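Working notes, beginning with the structure itself.
Per-chain residue numbering starts at 1, and chain names A, B and C are given in the order in which the chains are listed.
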């Protein structure tokens, strides 16, 4: 495999459901080793895009490549390298968690490969299932019927199913749904570990905080369009302004006249990158400073800005 | 994949409940026959029911005739209608497809699993019928000859191989219904709708067989040759309808499986 | 993108389905080689093949809903229903005809040892010694197999009355056809189409058309046919152990009438002499030739009253001065009024037009008054 290929790439991907344009010209790229945060409101086309990537839904037009191979035509060859959790977990309630995983594992042949060939026996399958269950903390309840599982346990089972074959790419749709804070931490920890082990992760979520903490890059989807695709570092880089909070806002405003971008009560945004010099100057002028530092935007602000822009454009049209 | 489907099917309690219910009806009939001693009037009841009073072993075949017209196909329609739509409804379909399981392979595996269900059902009906018949009805010596429909004597060996053929034919006869339910199962995400649709086909074709005006259509109706398994117990065996029945079912399976494939291979799985 | 392959899938499946459904149709209309030969030659071949051995599986379909039941229900079923038959024919005295039902069969065998009838659902074998064939009896399923029906209908056919029909495939074998258009104006049969197996000359399909009908009122054809002598093992019969055995056939309606009817059929009807093979003078007379066949039966009054009731409520029944008549396809039924025919109710049935039926009734009434005048 050519290492330079992006793991996921789409070009001008369009999907119509009847008259509804669910996905409208998406160019998505996920590179090897990334944790890609796929953001968007409900109904923005996230799940449809994920389904398109996995070959569940067929594109109206455009191209999809996984590991450099066209989808869905090469699905048989590349999908075994992908683990996924799409729109919630699903399992056969009348069977135990371990049996569910074993059946899932047995349902598709392992392709003959350096790893696959040696791990297709029954014992190997049992070991794989046990490993996956242990990874998500279900080792103790593997024999219990899934119909007796709680929401969180089902979610963990879904993740275990995705991890079953040590995939190179994990496509996870809302992986922490239904988990308690402890569980969320565990899953987050697990994802970071997997990523360090070389797994590329495409994480679709509407929890901005989660994405902000985990992801190296984000794509923002709004009404079927990819309105933003940027690394988190770039988005959160200093904006070139410095935030000053001071009880002597009027004095500060007068002193820095012309360089204050905006003022909101005792919060001033000053057009400068040199926070230290600004601080020295304010202190020298006897202005009390409560807080001072380079301005960084939160993901929430970025998202709100980009999404609303689009809405404004829509209204104007 | 086929093994996986069989595991799923036969580890499900519902499957065995269906098999149990299938066996319940002939058992009730046998008990009633034994208690009341009233055999159906000639030409009225299911095949061979009149003869079982004399030879309880024959109830194995009579039981088959009891479940064949309605119970068996309904059970098949339910199981096959479940196959894809049930996976879609529970959400497991998407996880199968991204495993990845080829869509065509999935369809074939589902049909094979449904056929296995039919075979198991038919076998248990015959076995339970045999046991119940011997216990409740005539306990003639096992080696007693059976009288063929044509009035000749069949040796137990002949009865055995003809019954094996009958089991095969009945099983194959159900494949048309199974394929119909499977096709509908790819169309809708509701297993109930798929099963009801297949049952509608069943009832419709049974109805067409009773309407004289529909005679030109009747050779194409899937239930047309179902009861022809009786022909295996004529002397000499009449293969004419058996052949046609097998051919007709094969055509239904090919066409409906083709339709299922055409629909499912390019279907958007949004469940 | 797989979307490219989307458009051809459904057409491929539908095309395949149509092709598969068309296979039986195509096999049926598959052109059969050989131009239609002379109908007269074919007629001779058919006559020459009479009594030849064959075996096969046949289906006869009647579209004639006779409005009568009771004593006549077996005929009503025969002419209004579909009957599946298996036939093993060694010669005219050695044969087996099985009438199949979904759950049983009624097997009739004519053997040197006697005539055996086996009814599976009754679990009963009936044996009649000798050839056991009554000269006159009610029609039965075996009369509807193509060679038997053709022999009856073509018996008086002349080369002038027949014309060739295109050959067709019957039971997968080429068969040559001829059409008989009878010259008799009183016959209700407009045409009889017969196809005979090209290899053996044995009739394999017969279709009977009533006057003005576009589809046959009665058709019989072989689905499987083999012009070979059947194996003796398929013909032989010995009653199975445990079965009820009865000796001597129960007399059918015809036998009963011959024994109990007081009416004496006239020596001729509509110009046809009474056929001589009826051993009893009473009850039943058969007249006609070729496609024009008339049976006359003197019914005891109780049976006649029952039948009269059925005919009166039948659709298409016509009241005549001499009685009441119904015509269903090529089959005519007429029941005379005993007041007109000297206290005897006569049932006239056969392949007569309504006019023919009326003429027969008129003749019976005239005979009756002549007899009464003669007696008086």
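The rule we apply is simple: a contact is a pair of C-beta atoms (placed from the backbone, for glycine too) under 8 Å apart; a residue touches a chain by one contact, two chains touch by 3 or more.
Please read all numbers here as calculations on a predicted model, not as lab measurements.
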Centre to centre, using CA atoms, which chain is the farthest one from chain B?
A
Taking the mean of each chain's Cα atoms, which chain ends up nearest the overall Cα mean?
B
In whole angstrom, the CA-centroid distance of chain B from chain C equals 38
Intercentroid distance (Cα basis), chain B paired with chain A, Å:
50
Gap in Å, rounded to a whole number, between the CA centres of chain C and chain A:
82
Contacts with two or more other chains, residues of chain A listed in rising order
58
Tell me, which residues of chain C touch at least two other chains?
2-3, 6
Multi-partner residues in chain B (2 or more other chains touched) are 266
List the residues on chain C that touch chain B in their complex, please.
2-3, 5-6, 9-10, 12-13, 16-17, 20-21, 24, 57, 61, 63, 82, 86, 98, 100-105, 107, 118-123, 125, 223-224, 234, 237, 239-243
The chain A residues in contact with chain B across the complex are 17, 51, 54-58, 75-76, 79-80, 82, 84, 86-95, 99, 103-104, 106-108, 161
For a test of understanding, state which residues of chain B touch chain A in their complex under the given definition.
1, 3-4, 7-8, 11-13, 90-92, 94-102, 266, 268-270
In the complex, the residues of chain B that touch chain C are 42-43, 45-48, 50-51, 54, 65, 145, 147, 149-153, 212, 215, 219-220, 227, 230-231, 234, 236, 238, 240, 251, 254-255, 258-259, 261-262, 265-266
